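Heads up, there are several structures right after this.
Two complexes come next, and they have one chain in common, subunit A, joined by subunit B in the first and subunit C in the second.
Let's turn to the complex of A and B:
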């Protein structure tokens, strides 16, 4: 296991290098630059040329890449070219926790609901309850998230004003965790419910597959109670693929949902990255992308390791 | 209940409501303004780039001069100013006792520091261009001089600025906010952009920079020592909101003011708690016309393709009437707008006639015009995809051109890609975009032959001469004449098709008083005496409102 881990981690290094090269070239070769959109009667071409020179945008792309790499390896991702010239690391530190708390809350909501519903639905396959659940899942899968979010605001912030319409803190109020939780409830529920649909389907099909297996029949023929058969034998096996999904959804915890963030004015990673892309804020785009690349790689690794932990048939030697 | 008693009650109610209304301004309360999108987090008047940062800077800083609602430049930090006979020397007499938010007094040194920094060789912003017309500024920027010759501090309250040549746009540049020299003069200019000051600025304005939460809100606190009098409001807040939530926020009375999309506006203005306003803005929707395109060698083609487009329909169908058909590149609200020149009112007959005169008098099997050489009249139109209304305009244009036998091919691209594309004159005829304009009618930045933003390749000596003359002339009446002539020329040559001047639709909560009801293009918070930030007030009884 240890050698496997070391091997996997070492493999990651060239992958990240290659990715950084590709991302850097793609974003820098895309038309425009951080100053292109600044059309203003008071700004002269001379001013813009000076600024490009100062920001190092006039250097060749190869020189720029190696400058970036040199600094990045030392842990310096530079300063944003569009957000107050602030250090990129500081921006990520500011936005990342906002995204993480929202995503974790949403994930908890969807997992805690989806797994039991999925199991229930599988055990009662083709019953009225199963059909009803499947019906709602299809609605959930086909609803666009912006519509769902707006509907949630309209009902729970406007018609029945339980939650705030948007934002993360009550303006002017002192910082408090309760206040943040209060603001987080609705976006987390909206995001969580959107996640339920696919998770339920996944659990259901995984469970259905397991209950058809021979060892379940064996368990039953041994005379074990239905409870033991389901919860001890079937469920544990059905959860194996779900563990993979958990590993794969780790990057999602750090990522931002652009639509949910925008509608709920939640200052997370989604709005930061989209703004960076549209304004060609190169240092921010690079840092965000490299961070996601790293997290995705680690998420995959964790999924593989967890797989070995829960499934004794899998060994990495 | 007797009728007499009822009448008495009614009268009492009437009297008390009159008494309430007659009360003067009351102190206290928080005004909630709105921002869509996000801030650029550079709250420094000489370094900011994002317009949203400019909104906050406007509350925290003052310039020497400011615009009023009639678009005249009036004194602000300067009590008065004089311009010498030759139009080169500006003398500003500063208000005495103007305090920065840290209690330090503003003097001419602060003004000198701000303007000198703007032309400093290490200055890292893009707002220095206008200040290079100060005498000696270029030498200073190029490192040939140690100071700017044309910036002269006479005494603590008097400063003289001498320009190289007369420049009618120069005074407008002095609306820029004045920085506190005592806090910044020891910061190397190259490092200024990384200084903490930019996220915790100190100015002389009516509100102090109190609390900023990234991506959420900003709160300004009333500055007790504001030189024009403490604001009535206790707090001025900017809140980041989602456009989709605006109608709900108005109905729940969580915000006081916002600009709205036409559909939202029609809904929100019916609320009893809201006052609706519409007014023109200094903005223009236009089509750039590639002057290097071989299809436009004959001027008649350019004219025909504008005559054939029904812009009234565009304004009403796509923008729901929130706009005005543009007949010039200078907005109707400007003093320089010429109402008596050639107008291209929708006329298909004229359009067809012009195209026939230009030689496109045959039709192919699809009904598209051809010239004698059999070339079809096909037009390449570049459009950006981020704005759905714009996309609809282009599609409408395409349909209307079909009716006069012109085929329009639309290329959709990302906005940045479009900006990049237009500087190469090959392979396109039109692009579509907005220009955000300033109250001054000068167009040298885009329509002079050598201008930075001349992306339509408009080269015209007569136009250049007129633009230069307009820029050098200080007398408004003479400038008006110059710009009348220039507009006529532009509408003959058509480097741009002006399409529309949009109308801003704003709603304001009825609890707010002290704004300018007869707003000009600068909005509700600018009056004939300048900005009204310290004049806004909310009656005591309505100050309490839960804002989330």
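Let's turn to the complex of A and C:
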């Protein structure tokens, strides 16, 4: 296991390195720069040249990449070109907890509902309930997340005004956890519900797969009650692949929150990314992309490790 | 494979009366799946209304009726008019053209890249395989939407850039799938037989292995069109996709960004959203039906 972990982590380094290279070049080869949008008649061309020099835009792209890499390895992702020239690392630190609480809440909602629904659906295969659940899974998989979020706001903030339309805190109100939870409810529910569709489908097929196995037939034939067969023998095995989904869903749920955060004006990583992209804030775009890449890589690694932990048949040697 | 089994069975049982072709069997199975047939019908209707949009639409795309701006649904304008006096129903039909085209073309691009790279990777193995799979790792390390908005922000938002960007980023799943299929097929006897007869690599790939991986590729491609339509919608909604005045289902939902329209005129942003749901849902039903119909393990009774 230890050698496997070390090997995997070492394999990740060139992947992340190549990725940073590609993204850096794509972003920087683009025509126009962050200053192009600020064509203010009051700024003279000398001013502009000085600003370019300040931002390091005059160096060759290769020099700039290695400068970036050198600093990034020390945890310094430069300063934002917009948002008050603040250090990027500081921006990420500020936004990350907001994203994490929202994503964890959404994940809890979808898991707590999806696993029982999926198992129920599998046990009652081909029943009316199963067909209904399957139909709703299809709807969930076919609804664009942003449209679903808009519907949620329309219904629960305007028609039946129980939730705020966006943001994370009531403006002017003192900091309170309750206030944040109140603002978090609707985006978390919207995100959680979208996640239910695929999770339910996964749990259902995993359970169906297990119920077909020989050891379930053996358990039945040796006279165990149906309850013991289902909850002790089948369920435990059905949950194996579901546990690994936990690892795989870490990056997925972060990525999926980009557009939801944007719609609910939730001050997280997602809104930061979209804003950075729109204002061509290169250092922030670079940092955000690398952040997601790292999370994805770690998520995959965690999935593989969890798989070995819960399933003793799998060994990495 | 199913065909072979049936031939064998009919030989064993001495019944040579009818041997059904593979596609007839698939069609028979597909027909039984009501949701899949429903999806196929809806898709035909949506495609026809997109193709013949200029004939069906009660108003032309640019036509602005200054006498009736910002109006609710009426007999003259089924879904009302927008703030420029354009008929929303007509725009919805034209938007369907754009959204479905983007979905098909972008999926076509990613399918082509995915099949070619996956085939090379699975067929040749070794260093080429490692290289291509590392490339897949790199591409699948970043959430699709983030990578897409990053690239679109650089190359500029337009309908063509959108198709190319979605196509270029979205191929990794197909490549993995085709590679897996090829690895399975590579050691099968009929491939070894063809090799022994001196078939060239191209012949092996295109005439023997690709046709045998057709079923899973068709299913992924079908489902892929659905998710591509959703990505187009998301990007266009963010303003990074199809640019107004060209309508797409995604950018029509942008009207919901205006709080007054959002609150009081849901007939302006609901229909395009429902259109996306309907299109993607039908595609998912169809894809799921195809998966079952093409699965040789499923029995026909």
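In this section, the second predicted complex is superposed on the first by the 304 of 317 C-alpha atoms of A that agree within 3 Å, B and C clash if a C-alpha of one lies under 4 Å from a C-alpha of the other, contacts with A are read in each partner's own complex, and residues count from 1 in each chain.
Everything below uses one rule, namely that a contact is a pair of C-beta atoms (placed from the backbone, for glycine too) under 8 Å apart; a residue touches a chain by one contact, two chains touch by 3 or more.
Predicted model, so just to flag it, every value in this text is computed and none were measured.
Enquirer: So if we stack both complexes on subunit A, do subunit B and subunit C clash, or do they fit?
Expert: Clash.
Enquirer: Now for A:293: first (subunit B), second (subunit C), both, or neither, which partner does it touch?
Expert: second
Enquirer: Is A:100 in contact with subunit B, with subunit C, with both, or with neither (first, second, both, neither)?
Expert: In the superposition, A:100 touches no partner, neither subunit B nor subunit C.
Enquirer: Thinking of the overlay built on chain A, is A:158 touched by subunit B (first), by subunit C (second), by both, or by neither?
Expert: A:158: touches subunit B and subunit C.
Enquirer: Between subunit B and subunit C, whom does A:138 touch in the aligned arrangement: first, second, both, or neither?
Expert: In the superposition, A:138 touches subunit C alone.
Enquirer: Using the superposition on chain A described above, determine whether A:15 touches subunit B (first), subunit C (second), both, or neither.
Expert: After superposing on A, A:15 lies in contact with subunit C but is clear of subunit B.
Enquirer: Once chain A of both complexes is superposed, is A:262 in touch with subunit B (first), subunit C (second), both, or neither?
Expert: both
Enquirer: According to the stated criteria, A:150 is in contact with first (subunit B), second (subunit C), both, or neither; which is it?
Expert: A:150 contacts both subunit B and subunit C.
Enquirer: If we overlay the two complexes on their shared chain A, which of subunit B and subunit C does A:280 touch? Say first, second, both or neither.
Expert: both
Enquirer: Considering only the stretches 97-105, 151-159, 169-177 or 385-393 of subunit B, report the one that runs into subunit C.
Expert: It is 385-393.
Enquirer: Would you please give the residues of subunit A that touch subunit B in one complex and also touch subunit C in the other complex?
Expert: In the superposed arrangement, which is not itself an observed complex, subunit A uses residues 30, 150, 153-154, 158, 262, 278, 280 for both subunit B and subunit C.
Enquirer: For subunit A, which residues are in contact with subunit C within the complex?
Expert: Listed in rising order, the residues are 14-16, 18-19, 22-23, 26-27, 29-30, 135, 138-139, 141-147, 150-151, 153-154, 158, 251-252, 254-256, 258-259, 262, 273-274, 277-278, 280, 285, 288-289, 292-293, 296-297.
Enquirer: Touching residues of subunit A toward subunit B in the complex: what are they?
Expert: Its residues touching subunit B are 30-32, 35-48, 50-51, 54, 79, 82-86, 94-95, 150, 153-154, 157-158, 161, 164-172, 262-265, 267, 271, 275, 278, 280.
Enquirer: Under the definition above, what is the set of subunit C residues touching subunit A in their complex?
Expert: Per the touch definition, subunit C meets subunit A at residues 35, 134, 137-138, 140-147, 149-151, 153-155, 226, 230, 233-234, 237-238, 240, 250, 253, 256, 262-263, 266, 269, 273, 276-277, 280-281, 283-285, 288.
Enquirer: Can you check the complex and tell me which residues of subunit B touch subunit A?
Expert: By the definition above, subunit B touches subunit A via 30, 37-38, 40-43, 49, 124-130, 173, 193-194, 198-199, 211, 213-217, 219, 235, 237, 239-242, 244-245, 248-249, 251-252, 254, 414-417, 419-421, 435-438, 442, 445-446, 452-453, 547-548.
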